[in-house]
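Below are structures written as structure tokens.
Two complexes, one shared chain (chain A), two partners (chain B, chain C).
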Partner chain A sequence: MWTFVVHRLVRAVFVCLGISLITFTLLHVVGDPVLLLVPQSASDADVRLLKEKLGLDRPLWAQYAVFLRDAVRGDFGESLFTQESALVLILERMPATLELTFAGMAVGLLIAIPLGVVSAIRRGSLTDRLCTVGAVTGQAMPIFWLGIMLIIVFAVQLRVLPASGRGTLAHLVLPAITLGAYLAPLTMRLTRSGMLDVLTQDYIRTARAKGVGERVLLFKHALRNAAIPIVTILGVQFGRLLGGAVVTETVFAWPGVASLAVKAINTYDYPVVQGAVVLLAFLIVLANLLADIAVTWLDPRVRLDEDHA
Partner chain B sequence: MPRLRRLRFLAVGSAIVGVAVLCALAAPLLAPGDPYRQAVGNRLLPPVWAAGGSWTHALGTDPLGRDTLSRIIYGARVSISAGALAVAFSMVLGVLMGLLAGFFRGTVDAVVSNFVDVMLAFPFLLLALAAVAALGPGFGNMIVVLGLTGWPIYTRVVRAETLKFREREFVLAARALGLGSARILRAHVLPNLVNTIIVMASLEVARMIILESFLSFLGLGIQPPTPSWGAMLGEGRVYMLTHWWLAAFPGAAIFVTTLGINLFGDGLRDVLDPHRVLMQPGTRAE
Partner chain C sequence: MKRIVTLASLLLLALSLAVPAGPADAAPRGRVTVALGSDTPTQDPHMHTARMGIIINQHIFDTLLARDTTTWKPVPHLAESVKSVNALTWELRLRKGVTFHNGEPFTAESVKFSFDRVLNPEQKSPLRGNFTWIKSVDVVDEHTVRIVTTKPYPLIQEILTFGNFGMVPPRYIKEKGDANFAKHPVGTGPFTFVEWRKGERTVLEANERYWKGAPAIKTLVFRVIPETATQIAELLSGGVDIIRAVPPDQIPAIERSGTARITATKILRVVYLQLDGDGRAGKTPLTDVRVRRAINHAVNVDEIMQKVLGGKAVRSTTGDNPMVFGYDPAVKPYAYDPAQARKLLAEAGYPNGLELTLNTYAGSIVNVDQVAQAIMGYLSQVGVRVKLRHFADVGQYLANFRGSKLDGMTLASWGYNSVFDTDAIYYIHFHTGEPYAYNTSREMDQWLEAGRSTVDPRQRQDVYSRFQRFIVDQAYWVPMYAQFTIEAVSNKLNYEASSDEIMRVHAATWK
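Moving on, here comes the complex of A and B:
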């Protein structure tokens, strides 16, 4: 088990390094921050001066080394506009993003898991068919449009919920539904197929043959084993969820990290963009790592395999 | 799921995709008016069924007096071509990397696989946003960004399939006959992967269309005055308190098109790929 965890940890560190390298390359090699910062009328000397001041005149590998060294210490530089620490700006907004992400996850799972389990048990029934049609439709829904439609119906026409911002529980309702609707279809389909896999196993047939009641069969034998693919899915879905949060935060003017990043992208505030992208990606890596570890804990086969390997 | 119902999905999907492609190809013939013509006197007209609406502008007009229906029909051009080009780009790149990694294994595989892992851990949307911001907005840059961020999903699947095929007898026989690696990959491995790749690519078109729309929605994709569904939705959002239909119709166009493509792709999977050896959908960060 520990070899496995260490192996995954090393891998996670490697992935984090890769993420920082790609982000850095994008912002420093593909784009030139200085040209976007200075007015067009600026002289070459001014441009040079600014480059020196920001350390952008040094070779790229040296810039990356400095970036990496500082990032490990949690220093992503200062916002080019407010001169505040990028890390502080991002961390200030992290609770909002996490609140939205977990609320969206809760809504999504509350819809997806019961429906997925029910459609697997009643395979081919009307419920199953309706769920499948719902999932296919939901998967095609652009969530930024869904969010806007929800605002139009519930905030503009019915005036029962606020359209944007954060504060009360009521503010959370529409964004959480939007994000949940993004998560639910795929999770439902994966839960259904995971559950179907388990239900066709020999041990279920054996249990049924020896007269185990359907309820015990379902909760004790089937769901417990179906939990393994579901937990794996959750870890993987966390990344999608954060992606969905980018969209949701923009539509609902939710004051989270993603909307900060989008704003920073528009103003080319690269220290903030860099920090936000890297930190969000780290969160995803962390979630995947936790899911991997949770799966080994739930499923002894994985940890035995790894130990023997 | 019963095969017949899958085929029905395929039929409905093909019909929707057909209409969207027709709109894109024959926009000048189908559109009731000029999507660019502004008429200040006709600003913000409601759709035909609302009070004050008329058949001249069946879906109303935008804040510049341009006909919404015509702009939606022309908008199909942007979405369909962006989806197709982005998929073509990422598919070629991804399949190539997957073939090389799976066939040669060793160092190539280690480098490619780790790169794929990193890319898949990335919040895809943020990566695309940052890249568009770095390159500047516009149609060409957007395609490059979508292509460069969309390839890993193909690589992962193609690599796994290639690993399986490289040990099969017909590949070993080809090698024993002295065929070069390039020839074996092209003539013996790739043809076996075509169905898988087609199904994956058709589903990816929908995802790329949604991403393109979102980038345009944020003002980072297609620039005005070119009609695009995402940009129209972005403009319409400003007016959602008073003129809801400005945001509703372009969004509905995106939704129906992606739904059609998904139905088509799902149906295609059943026809082309009966054992469903495909990737689990959505196993990546977006």
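Moving on, here comes the complex of A and C:
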């Protein structure tokens, strides 16, 4: 198992490296922060001077080399706009993003798993069909629109929850539901198909024949086995959740990393974008790793040491 | 010399007549929350040029001059008078008895320190470029300073009102350092700093010993809410009290809500259609004045203002903003006359019309897509086929602008860098060699240079009037309109939007 973890961590480093190279190239090819940094009335000489000062006049590969050299020491540089350490800016906002992402995941699972199980047990019933319709609608619904609708209903009309911001638990409710609703449809359908698959297996029939109670049967025997694909997918979904967080954070004025990155992208604040992207990529790789480890716990047949291909 | 002194005493008189109103009578109470679309990069007023930052700065710091909120002309603030001693020297007499929030007295030393701080290249202040006309700032006595300039500088009052050129406390900054000051600002302004949660909120508390009298509001919160729809929801649900940058199509919904109302006013930003009259971006039919005049006749600007902007715009007949010094309302624009436009195009050798690029960009121009489409519609009626090129990114747009790549027509806008003076728009757009100049001539260079090298307002007005008549005759631009700032405010407050786009929540009162 430890060999597996080390292997995956080494791979994570390469993933982050690749991602940083892609972001770096894309950002530098499409835009130039210098004109956003100087007053509009600045002369061409001022513009050139600032370019030199920021090292943006050097060839791309040389700039990337400098970035890499500093990044391995945990230094992503200073924000071009606030002259603060990019890493500090990102870490300051990390708790908010993690709080939102985990709350969203919790809400998503709380909606998806019970509904998925019920749909599987009552396959073909009205409940099942309603859940399917709900899942398709949920998947088709833009997260942005859902967020605004929730705000209009619960904050403007009913006035029971705050419309935006972070602070109390009440502030977390609407963003978590929005993000959860984004995660739920796919997870629900996976649960449903996983359960359907497991419920037709021989060992379930055997267990039932032995007189195991229906509740124990469902939750101990069936759901645990159905959980394997769900957990694997959750690791992958974590990346999608962070993507959803970008929109959710913006709609709800949630002060997280995702909205910081969006702002930085719009202003070509390279150090902040680079730092945020690399850190988020690392988190996603980590989430996948944790999901894989969790699967071994759920499914003793999977032996990680043989599975690092 | 004599004229300068007479002028200066007139200015002094004007300044002293406009002394701000006396202190408010009641103790500050209640809490007001203002939504801003993005956060300030720093609380240090000298170290950024962000609009949101300036809005917050103005509540913590005082500038040497302020603006009268009806005429938008500079009026005394921390400086009681600004007097020209000779062509290169200005004397500022400072208000007495003012203290910083930490108890440090505001004196001539504070003023010198603030100037020197911005001018020091090591400080890397982005404001520095606006102050390079200063040779030195000298302390005369505890409440008098003299500013010596490198050349006659007519815009000094404008620069002294700059929203982020607040006066800062020398002792506090020297003791605690710049990094600390950027997070814990101390000024002389109507509010004292309480807390800054980056990307979230800035919290201020009324300065009960403010020299102009305590503000009516006890606690003032600036909250960062990037999404406009969310800002409006917060306003309607009572979560925030003032929002800015309201889209014109949301005005009816807010007016109907019964909880908030719209306050809108004209601002400095003007919108105009720039034509490449020099052919700077390559060969173009626009080097022919008849083609440029035809385009002027073809576009119905008044209709765009009514239909696309709901009347929330002020017509500019020369491209200059009607609010600023130097604008000449006597100069008349081309009448909307499609027949005349077609005739001129035929005369210029385009009886079957022609094709031109229209460059547009995202940001600053309200309803930019609709305005561009309207222009394209008018032009197609006279036979001008338009190829639209949209820049989704301001940086790209500016790079192309400076890089001589904006061929044909450009739907451009200009915000004057907050300077209410004609020099701030024309020099940079019409003087040979300037990064944004696509229409130039020796004659225009001379007028523009004359306008910035004399401090006599009459001479300056005269030269700018001549300049405006010339550029309208040559039809270098299609002058359009000055935009509005549209804000919405809770019905609990008396508050009006400002033409310099600096929200004056310190002047708001409870209903």
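Operating definition for what follows: the second predicted complex is superposed on the first by the 275 of 309 C-alpha atoms of A that agree within 3 Å, B and C clash if a C-alpha of one lies under 4 Å from a C-alpha of the other, contacts with A are read in each partner's own complex, and residues count from 1 in each chain.
FYI, a residue touches a chain if its C-beta (ideal position, glycine included) is under 8 Å from a C-beta of that chain, and two chains touch if they have at least 3 such contacts.
The shown structure was predicted, so the numbers you read here are calculated from the model rather than taken from an experiment.
Participant: Identify the partner contact of A:F81: answer first if only chain B is touched, second if only chain C is, both if each is, neither if none is.
Facilitator: So A:F81 only meets chain C here.
Participant: Report for A:Y268: first if it touches chain B alone, second if chain C alone, otherwise both or neither.
Facilitator: In the superposition, A:Y268 touches chain B and chain C alike.
Participant: Identify the partner contact of A:D70: answer first if only chain B is touched, second if only chain C is, both if each is, neither if none is.
Facilitator: A:D70 sits against neither chain B nor chain C.
Participant: Between chain B (first) and chain C (second), which does A:I284 come into contact with in this model arrangement: first, second, both, or neither?
Facilitator: First partner only.
Participant: Pick one for A:S164: touches chain B only (first), chain C only (second), both, or neither.
Facilitator: A:S164 sits against chain C, while chain B stays out of touch.
Participant: If we overlay the two complexes on their shared chain A, which of chain B and chain C does A:Q237 touch? Say first, second, both or neither.
Facilitator: first
Participant: Could you figure out whether chain B or chain C reaches more residues of chain A?
Facilitator: When the residues of chain A touched by each partner are counted, B comes out ahead.
Participant: Which holds for A:F14: it touches chain B only (first), chain C only (second), both, or neither?
Facilitator: first
Participant: Does chain B (first) or chain C (second) touch A:T250, or do both, or does neither?
Facilitator: A:T250 contacts both chain B and chain C.
Participant: Looking at the overlay, does A:S43 come into contact with chain B only (first), chain C only (second), both, or neither?
Facilitator: second
Participant: Both chain B and chain C touch chain A; at which residues?
Facilitator: 30-31, 148, 151-152, 156, 250-251, 268
Participant: Residues of chain A touching chain C in their complex?
Facilitator: Interface residues on chain A, with respect to chain C: 30-33, 35-44, 46-47, 79, 81-83, 89, 92-93, 148, 151-152, 155-156, 159, 162-166, 250-253, 255, 259-260, 263, 268.
Participant: Please give the residue numbers of chain C that touch chain A in the complex, ascending.
Facilitator: 38, 41-42, 47-49, 126, 129-130, 197-201, 223-227, 229-230, 233-234, 236-239, 393-396, 398-399, 402, 415, 417, 424, 428, 435
Participant: Under the stated contact criterion, what part of chain B meets chain A in this complex?
Facilitator: Going by the criterion above, the answer is residues 1-2, 9, 114-115, 117-127, 129-131, 133-135, 206, 210, 213-214, 217-220, 233, 237, 240-241, 244, 247-248, 251-252, 254-255, 258-259, 261-263, 266, 280-286.
Participant: Within their complex, state which residues of chain A touch chain B.
Facilitator: Residues 11, 14-15, 18-19, 22-23, 26-27, 30-31, 124, 132, 136-137, 139-142, 144-145, 148-149, 151-152, 156-157, 186, 189-190, 236-237, 239-240, 242-244, 246-247, 250-251, 258, 261-262, 265-266, 268, 273, 276-277, 280-281, 284-285, 288.
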